[in-house]
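Okay, so here's the structure we're looking at.
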Amino acid sequence: MAQDTYDTADTSVAARIAAEALIVDVGAFEGPLDLLLSLSRTQKVDLRKISILELARQYLAFVEQAKALRLELAADYLVMAAWLAFLKSRLLLPPDPDDEGPSGEELAAHLAFQLERLEAMRNVAARLMARDQLGRDIFARGITEDVTRVRRVTYTATLLDLMQGYARIRTRDDFRPFVMDRENLMTMEQALDRMRHLIGFAGEWTDIVSYLPPEWDHDPVRRRTATAAHFAASLELAKEGKIEIRQGETFSPIHIRKRAPRDV
Amino acid sequence: MSEPRDSLFEAPPMADQERMVEAILFATADPVTVPQLAGRMPHGCDPATALARVRIHYEGRGVTLQRIGDAWAFRTAPDLGFLMQHEVVETRKLSRAAIETLAIVAYHQPATRAEIEEIRGVSVSRGTLDQLIELDWIRLGRRRMSPGRPVTFIVTRHFLDHFGLESARDLPGLKELRAAGLLDSRPPPGTEDEEAEATQDDLFEDDA
Amino acid sequence: MSEPRDSLFEAPPMADQERMVEAILFATADPVTVPQLAGRMPHGCDPATALARVRIHYEGRGVTLQRIGDAWAFRTAPDLGFLMQHEVVETRKLSRAAIETLAIVAYHQPATRAEIEEIRGVSVSRGTLDQLIELDWIRLGRRRMSPGRPVTFIVTRHFLDHFGLESARDLPGLKELRAAGLLDSRPPPGTEDEEAEATQDDLFEDDA
C-alpha cells in the first residue's frame, strides 16, 4: 500500500529539491520517525523491501546538513541519529557471537515495521477522513421531536382514609361541644345545692372562694365557672335571707356568713 | 408537469427527484417551501410533482408529509403521537381537605357546596371540588329545589369502583365507624347521635 | 419472531409496528437501540423484525436506515449530500496529529497513550486526546491489566455514526492491515515480551 503514495516521476533534481525542502521544513516533521518515513520515500520501494542501511545513511546526512546550517535540532533527532549510527555499524560489521543483544537485522526489521505501520496508519486515516461524514455528506433528521416526559399525577385515597375523614368531621361537630362543655361547666343549681349544705357551718365572714370544691379549684376554666356559679348562688341565698354578703371595695374578696337568726 | 426550461441539462428522472425531496425535507431544520426545493434541486426539476409523489409514498406510514402554511415537513403520524411521550405516573395521597369533602359528599349526597362547608366548618375551595371532579370521583347531581337552585354533588360509579363499594349505601354508618374504633368511643349524648344518623340516611332510605 | 410474552395483550400487527419504528426513528437525530425501541413500543412488539422491514422499505430512497453499532438511525443517502449545503455544519479542521491519533485508536483499540506514542514516534499532547474526546469520537475504555494499569481509549458510537460505519469491524482496510500484521503489537527486539499482545484484539475478536 506504500507504493501508491508517491509519484513514479522523479529526477535527481527533484530529489535534491526534496532533500533541501526536508532541511528547511525540519520543524514540520513530527519527530524522527516522521522524518525517516519521508526519507524512505526517496527509495521508491515497498517499505518491506527498504534498505534500512541506506535510510540510516540518509538520516545521518540530514543531521550533518542541519548542523552545518546551524539548525536547532530537538534532542530526540540526535538520539535517533546516535541510535542509527549504532545500527549502521551493527549492520556493516559481522555479528559478534558473544553479543547477547538483538542482531542488527532484528533491529532493522523492527524499524522497517514501525515505518510501515506509521505509513499504514496515515493511509487509513486518510481513507477514514475521505468517507462520507455526518453533517457534511450525510445528514441526520433536521426537525427532531423530543420525547416529552409527561408527568401525570394520580391521587389515591383508601376507604379507610374516607371513613377516618368522615369520623374526624363528625367527632368535631357532634360530640365535642356537648361532652366537653358539660364537664367544665358548673351551674348555679349545683353551687346552690352545695352551699345550702355548707352554709349552716359558716358563722364567721368567709371568702366565697373557699366554698369552691377542691376539684374545681385548679383548672382556670373550671375555677371561673365555679366561682360564677357560687356567686350567683350566694345572691340567691341572700335574697332568701339565709346569708349576708360584703365586699370591702371593687375587686376585693367577697365574704359571706350565715345570717344570725333574728327574733321573729 | 412543467416544460423543460433548459434543454442543455436533462432534469434527473422523477424517481431521483423524489429521493431529493425526501432527503431535503428529512434533513432541513424547518419546513421547506416549493420554491426553496426548486432552489436546491438541480435545474429543470419539478419539485411540486416530486413532492406530491413523496406525499403519496408516505401515506399511511409512521411519518407523513404535512403542509404547514406554504411549506412542507415530515411529521409523526397523528395516531402515533403517544410514542413521543414518556408518561411518568406519580401517585400522591389526596389532601385532607379533599378527603373530607369527598367523605361528606359520599355520606350526605346529594350535597351542595354550602352543606359541605357547613359540615366541615370551613369553606371549600373551588380547587378541591374541581380536583375530585377531575378524578371522576364526584360529579354534579340535580340542582336543589331551594332558593338559588344550588348545584349538588354526588359520587360517581368510578368512585364506587375505586373504593370497592357496591353503592354509597355500603359506606359504614357512624355506629359501625365507632365500633371499628374510628370514632371517639365515649358514649355520646344519645339524641345527638340519632339525629346525625338520621340525616345521613336520607339518601339511603331503603337501607335496612 | 418471538413468542408472545403476554397473552393478555395482543401485540399490534407488524405493519403498525413498522410505522411505530419509523415514527420513533424519524423523531430523533440520534441512533436508537432495539431495547430503547422496545421500551417505547407497546408490550409484545418485536422491534428487530420491524426494523428489518423498515430497512427494506427505505432501500434506495432519499433517506435510508443505517445501523450504527447496536443502534439505528435514518440518514440521508450519501449521494444526495450535495443538496444539503445549507445544513453543512462547519467543523474545525483537525490537525494531522488528531487525525492520526483517531485512526490509531480506531484500528488498535483499545489503545493506551503509550501505544499511540509508540506508533506515531512522538508524544501525544493532552490537547489532542481532549479534542477527540470533546468531539465524542473517542472515550476511555477499560484499564489495561498491565503494570501501571494505564487507561485505554476506544472509539464511540458517535464516531461510527459520523463516519457511516455499522461497527468498528467495518473500518476501511482493517482486514488488510490485520493480514499484513500491522495491527500486531510487536515490542522492539531486546525488550521483554509484554502481555499487551493478549488484550490487543479485544474489540475485534468476533471479526471473521
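We just call them A, B and C in the order they show up, numbering each chain from 1.
Rule of thumb we're sticking to: a contact is a pair of C-beta atoms (placed from the backbone, for glycine too) under 8 Å apart; a residue touches a chain by one contact, two chains touch by 3 or more.
None of these values were measured; they are calculated from a predicted model.
Chemist: With centres defined as the mean of C-alpha atoms, identify the chain lying farthest from subunit C.
Modeler: Max centre-to-centre separation from subunit C belongs to B.
Chemist: Kindly work out which chain lies most centrally, taking the average of its C-alpha atoms as its position.
Modeler: So the chain sitting closest to the middle is A.
Chemist: State, to the nearest whole Å, the distance from the C-alpha centre of subunit A to the C-alpha centre of subunit B.
Modeler: One centre to the other, that is 35 Å.
Chemist: Using mean CA coordinates as chain centres, what's the subunit A-subunit C distance in Å?
Modeler: Computed from C-alpha means, the inter-chain centre distance equals 30 Å.
Chemist: Would you mind pulling out the distance in Å between where the CA atoms of subunit B average out and where those of subunit C do?
Modeler: 42
Chemist: Scan subunit C for residues touching two or more other chains and write them down.
Modeler: In subunit C, residues 26-27, 40, 74, 76-77, 84, 87 touch at least two other chains, as defined above.
Chemist: Give the residues of subunit A touching no fewer than two other chains, as numbers and ranges.
Modeler: Where subunit A meets two or more other chains at a single residue, that happens at 139-142, 145-147.
Chemist: Over in the complex, which subunit A residues touch subunit C? Could you list them?
Modeler: These residues of subunit A touch subunit C: 1, 30-34, 76, 101-103, 106-107, 109-110, 113-114, 116-118, 120-125, 127-129, 131-142, 144-147.
Chemist: Can you list the residues on subunit B that touch subunit C in the complex?
Modeler: Per the stated touch rule, the residues are 18-24, 26-29, 40-41, 60-63, 74, 76-77, 80, 83-84, 86.
Chemist: Residue numbers of subunit A touching subunit B in their complex, please.
Modeler: Within the complex, subunit A contacts subunit B at residues 139-143, 145-159, 161-175, 178-179.
Chemist: Mind listing the subunit C positions that touch subunit A in their complex?
Modeler: It comes out as residues 26-30, 40, 73-78, 81, 84, 87-89, 91, 94, 96-97, 99-100, 102-104, 106-107, 119-122, 161-165, 171-174, 176-177, 180, 182, 186, 188-190.
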